[in-house]
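Look at the two complexes coming up: chain A is in both, with chain B in one and chain C in the other.
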Partner chain A sequence: MDIKILLLILVPLALAFSIPLVDLINAKLRRFFVLVGILLESYLLIKIITENYTSLIDGDFFLQYHLGGWHPPYGINLVMDSLSLLFVSIVTLSLFLIVIYSIGYVGHHEGKYYVLYFLIAAAAQGVLLTGDMFNLYVFIEMLTITSGALIGFKRSHPASEAAIKYLIYNIIAGLFIFMGVLLIYFNLGTLNMAEISNNFSLLEDGVKLFISSLFITAVLIKMGIFPFLFWLPKSYDTAPSPVTAVLSGVLSKVYLYIFIRLVWTVIGIDTLTAYKLDILILDIALFSSFLGHVFALQSNNVKRLLGYSSIGHIGMILAVIMLNTEAGFYGGILHIISHMFMKAGLFVALGYLLQYTATHHYDDFQGVGIRDTKVFVAFIILTLSMIGMPPLLGFASKWYILMAFLEARSYFGAFIVIFGSLTAVIYYLRYIAKGLEEVKLYKGELRMEIFSRPLISVLYREKIVSFITYSYTAIIIVFGIAFRLLDMPLNMAIKSIFDIEKYIHLVLGG
Partner chain B sequence: MDLFQQLAANFSLEGYFPLLAEVGVILTLMTALAAWKYIKNNKFWYYMLTLLYLVSTLIIILTNDWFFFLFSWELVTLATTFMLAWSDWKLVRQYFVIQFSGSSILLFAALAANGLGYTDITVIESLPLQFLLIMGIAMKSGLFLFHFWLPPIHSEAPSPVSAVLSGWVVKLGYIFLLKIIPMESGNTFLFLLGMAMVAYAGWQALVSADFKIMLAYSTVSQLGFIAIAIGTGGEYAYLGAVLYIIAHGFAKTTLFISTGIWQKEFDSRIIYDYKDALVRRPFTSIATITALLSLGGLVFTAGYKSKYLIKSAQNPGLLSTAVFFVFGLLSFLYAARVIYWIFINEQDYSDFFNDLKKRRNNYPIFSTDLLALLIGVLGIISVSIWPEMPGQILESLAVKDFHNLSGIRDTVLFILLSAYIFNNNQFFKVAARENLSLENYFQQTLSFIYGMSRKSIKLDTEKIFETFFIEAIFAASRSLRKFVYQDFTVQLLWIPIFLTLLLFWQQIYMYF
Partner chain C sequence: MFINAVFIILFLLGFYALIVKKNLIKMVIGLNLMEAAVFFWVISFSDIGGEVAIHKLNEAAVNFNDPVPQALTLTGIVIGASTAALLLTLIIELNKFTDTIDRDEIEGLNN
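Showing the complex of A and B:
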């Protein structure tokens, strides 16, 4: 029973609801509040880690909190094992950086923005920490609705369109999860994950298959794997940069966590193997990765390009996880971490670089690198990491993924990893070259330029914005050199993924 | 030791192949000597490439394992490709694309042969397979219609590299054919291709003003004789092919090395510009004349002996006699024409020895160049005198009667006929070809195609690379995206389809 787990969710939630009240007093106080809130959240996390450091080292780290004192299988309980601790840490770090970035970036409707942002933060923590199926569903819906609102935050026509598309897809997915939860409740009479995991094999064959299919379809929709990738680039394009960084850096990783939690802990990978679904998902994920990289080649819109590349990377991660080997999880989770920082860093850098341009189009990218050289260098380093240049974090994670595929003799997977790197070279170099082209303006064009583009920066605190970009780059470089630091948390997380018995025992008996 | 034996089992040292390998080493030595002063930048890398080339050619000639064969051929291609970089990167690109398109056919053919049970490189009885393999080496060895790249690239390359390419690399294909075409039957298709090559390229060589282009076309023409020899079949035809490969190797390497010297001496490749050649560089002139005479098939030379062997292997009859007489005349014509334009036309030899003492050469005489040419001339002479080769490797040739008398008759006839023909045609004084390059060929082809639709297009290799590699990739990915991105309703339709797929996956999986 550790109240700090609950506080991890409650702090952002309370902050989200108190921001409108703070606004009533003084609008400038808002930023201070936001900062205090995210610092408090970080403090809680650091406190959890330091207090349980010995158990972390021993490998028996496990915390839970029973809401209202109801012990499982009744009531809601929050569970934190090594896997969720790893995810909570990286998500909190990412959210921390992006919130500081937002302080510099977001100027209009700041109040609404922070409310939605902290609701996402609360829901993301909730998803990572909950041990209850219905609670999971509630948090997922919370994520969907708040992120939908943030995608449409610019209130332009394409933004609204993208938001509506996003909401249609994700609410359907949420509906599937809801149906799955209902079916589980009607058949097993419980909503506790450990209890479900204990009894899932007792279900009838058809019901098991149906529930698994519902969950898998829903999570694949939310991750943007091949047949459902259509909403993703559009919403990445129209959302403001920090929101896109959250969408790509945090949300897609949170959904990967949900996938791991549902498939390995709740349903059990053996169920999928029995229905041969693991091979299907592996191949679909690889195909989706292939499509993502190919689509990225043709994209004339920088942010869409990054969206397509996200599809490629998430497909790759999902595939390597579906190998169900320790090496696969090692590479997969390491790439989750590296992709989280690389992609968020790229979007953050783009938010700075595209401040003067009217659109995100390829032609508008011309001369961007000459205007803001320092940030552009950071951008180049981040793209190199995406490609997989050796001293950077992207290389380490791709290397482990490649090794995992080769170890499992999945040569299609190994091909996709290398294919992704090669195509990434083409599509990123194209933009880098364009960014370094000099802009030559003629009189007529200049007039057009003045009338069509905002030449004044839309950023409010430029220094903060560029500082966050540099810190993302620094994270990539530092962890790229010292990726061995992540060895211990990764191994802990992998151990807790495979040791389901222990999870059940600790939740139900502890 | 065990590993070494396994490796050694993939190589055979039987027949005349070790001899060919030795000749390859000598020719490479010649080009390396000639390159010592010719190549100025990055000499180290040039010689590393030469070394790589040498080792890989030896493997190609001696191996009987498909993998070693294909692998080392790719290495030869790579080494020679990058050697072209000392002239122009454009050539590198063109040669690379052409050679690798040839490689792909060869790879396919080799895989087919392997699949049909020929696990080693041995005599192949199946006719379709022979055809496939001939097509495989066609692009690399410049068989008829696939020779289009040879004159532009061999003439534009740096002279030592031209010597490498023309003297030995194109012959590797024929050495391979010697291994796989059965000696008893030969191959009619190859025979016909050879005829076409001799006639067409011989004519092109006759109407060239540029020395290097003439030599490149003569290479194709002479390769035609080798193709005829292998296509005919029979022991003497094969020995003729071997002798021809050696004789032509020496002659063409010598000639290309000497063109490099002439080009530096006169600052021109057009043969009409060469004045006082004999006075300026007597030894180079002697080497050039010797090699050209061997090329022309003058009696007693190496060229005559090998041509005679090929001729004697044909079915005796008036037609074959006449055809080979015409072919011999054609080779003699283009060789004699070059000798006339360089050494006879408008030359003043009245005060020859005094002029010689003045040493009027522009380009310094390097000992390495002289040594290379000396080796070439000695090679030609020794093949002429001992066609059985030192060490009696081609021992049946030691007792062979080469009918030198009929050779003398033919040579006299050639001289008379060529004198008559030259006199009536102003010694074929033609203008130099304008821009002989692969780009031009592509441009002509494209203009022809676009001419039908009344649109014009300007060709540029860089542009083509850009267009092909970038635009093609972009267009392909764009159309794939268009195909996947259908209407929104269709996009949503994927959800029930996918769910159904998951539910019925077990049943579907059973079908696989």
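Showing the complex of A and C:
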């Protein structure tokens, strides 16, 4: 019983609902409040890590909180094992960086923005920490509603379209999860993940297959894997830059966590291998990765291009995880971390670079590199990491993914990794070349473009924004050189994925 | 059996409205119909013809309906209402720019 786990969810939740009250007193206090909240959240996390440092080293780290004092399998319980700790740490770091970026970026309607942002933060932490199926569903729906509202935040024509499309896809996915959860309840009479995982293999074959396919379809829709990828690039394009950074940097990784948790802990990978579903998902993911990279080649809109490239990378991660080997998980989770920082960093850099342009079109990219040289260098370093250049983090993770595919003799997967890198060279070089082209701009024209932008005005704290871009680049470079630092947390997370009996024992007995 | 038939008909009706109808508000109605079908199925499936699940002190409750699916469905209904409200808000917002709610005339929704 450690109340700090509950506070990890409650702090952003309380902050989200206290921001409108703070606005009533004095709107200038708002940013101070936001900073205090996110610092408190980081403090809680650091406190958890330092207090349990010895058990972390020994590899038996496990924390649990029973809401209302009900011992599982009855009440709702929050569980934190090594896998959730790793994800909570990287998600909190991302949210921390993006919230500071937002202070510099979001000009109008700041209050509403922070309410939605901290609701996303609370829901993401909740998804990562919960040990109860229905609670998981509620947090997933919270993510859907808040991120849908944030996608439509600009209130322009394309933003509303993208948000409607996003919501329709995601509501259907949520409905599938609801059906799956209730089918589990009717068949097993419990909602606790450990209890379900204990008894799931006793079910009839048809029921098992139906429940697993409901969950897997829902999570595939939410991650944007092949048959359901059409909502993703559009919503990445129209959302404001910090929101896109959250969508690609936090949400898609949280859904990957849900996938790992559901398939390995709750359903059990043996159920999937019995029906050969794992090979099906592997092939779908690889095909989706292929399609993502091909679509990215023909895209003339830089944010949409990054969305398609996200589809490619997430497909690759899903495929390497579905190999169900330790090497596969090592590469997959390392790539989750590196993609989280690379992609969010790219969107953050684009938010700075494209501040004067009306659209994100290829032609508008002309000359941005000459206008803001320093940030453009950071942008180039981040793209090099996406391609997989050696001293950067992207290289380390892609290398391990490639090794995992070769070890499992999945040569199509190895081909996709190389193919993704090669196409990435083509589509990023095009934009870098365009960015360095010289263009004559008059000051008057610039100002016209600034004031024609809807609602979210031009950056007025450029220093904060460029600083966050540099820190993303620094993370990529530092961890790229010293990626062995991530060795210990990754191995612990992998151990807790495979050791399901220990999870069940600790939740039900501890 | 009857419950399953009603569930399937309602669900497919909602799905039909979502896929075929060109009017955005009708699409939202279709989504809600799908949700309503699932909720209906859950509630009627959990009804085993027993008593209300209120524990009385000197009686041993033998045969009562499980209250948990009802509580879960209540949460589901709240979530469904809020998503529908958000969707309708976005449709109003979109209508300000396009002056139509026909899916075919709004080009961005089709690609």
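Quick note on the criterion: the second predicted complex is superposed on the first by the 492 of 510 C-alpha atoms of A that agree within 3 Å, B and C clash if a C-alpha of one lies under 4 Å from a C-alpha of the other, contacts with A are read in each partner's own complex, and residues count from 1 in each chain.
Note that a contact is a pair of C-beta atoms (placed from the backbone, for glycine too) under 8 Å apart; a residue touches a chain by one contact, two chains touch by 3 or more.
As the structure is a prediction and not an experimental result, all values here were calculated from the model.
Asks: Taking the superposition on A as described, I'd like to know which of chain B and chain C A:491 touches: first, second, both or neither.
Replies: neither
Asks: Could you look at A:165 and tell me whether it touches chain B, chain C, both or neither (first, second, both, neither)?
Replies: Both partners, chain B and chain C.
Asks: By the touch definition at the top of the document, which applies to A:187: first (chain B), second (chain C), both, or neither?
Replies: In the superposition, A:187 contacts neither chain B nor chain C.
Asks: Thinking of the overlay built on chain A, is A:199 touched by chain B (first), by chain C (second), by both, or by neither?
Replies: neither
Asks: Between chain B (first) and chain C (second), which does A:471 come into contact with in this model arrangement: first, second, both, or neither?
Replies: The answer is neither, since A:471 touches no partner chain.
Asks: Does chain B (first) or chain C (second) touch A:210, or do both, or does neither?
Replies: In the superposition, A:210 touches chain B alone.
Asks: Both chain B and chain C touch chain A; at which residues?
Replies: Correct list for chain A: 165, 168, 172.
Asks: Could you please specify the touching residues of chain A with respect to chain B in the complex?
Replies: 165, 168-169, 172, 209-210, 212-214, 216-217, 220-221, 227-228, 230, 275-277, 279-280, 291, 294-295, 297-298, 426
Asks: Provide the residue numbers of chain A that touch chain C in the complex, in ascending order.
Replies: Per the stated touch rule, the residues are 134, 138, 141, 144-145, 148-149, 152, 155-158, 160-165, 167-168, 171-172, 174-175, 178-179, 181-182, 185-186, 191, 234.
Asks: Any idea which chain B residues touch chain A in the complex?
Replies: 473-474, 476-478, 480-481, 484-485, 488, 491-492, 494-495, 497-499, 501-503, 505-506, 509
Asks: Okay, in this complex, where on chain C does chain A touch?
Replies: Checking each residue of chain C against chain A gives 18, 24, 27, 31, 34-35, 38, 42, 45-46, 68-69, 72, 75-76, 79, 82-83, 86-87, 90-91, 93-94, 97-98, 106, 108-109.
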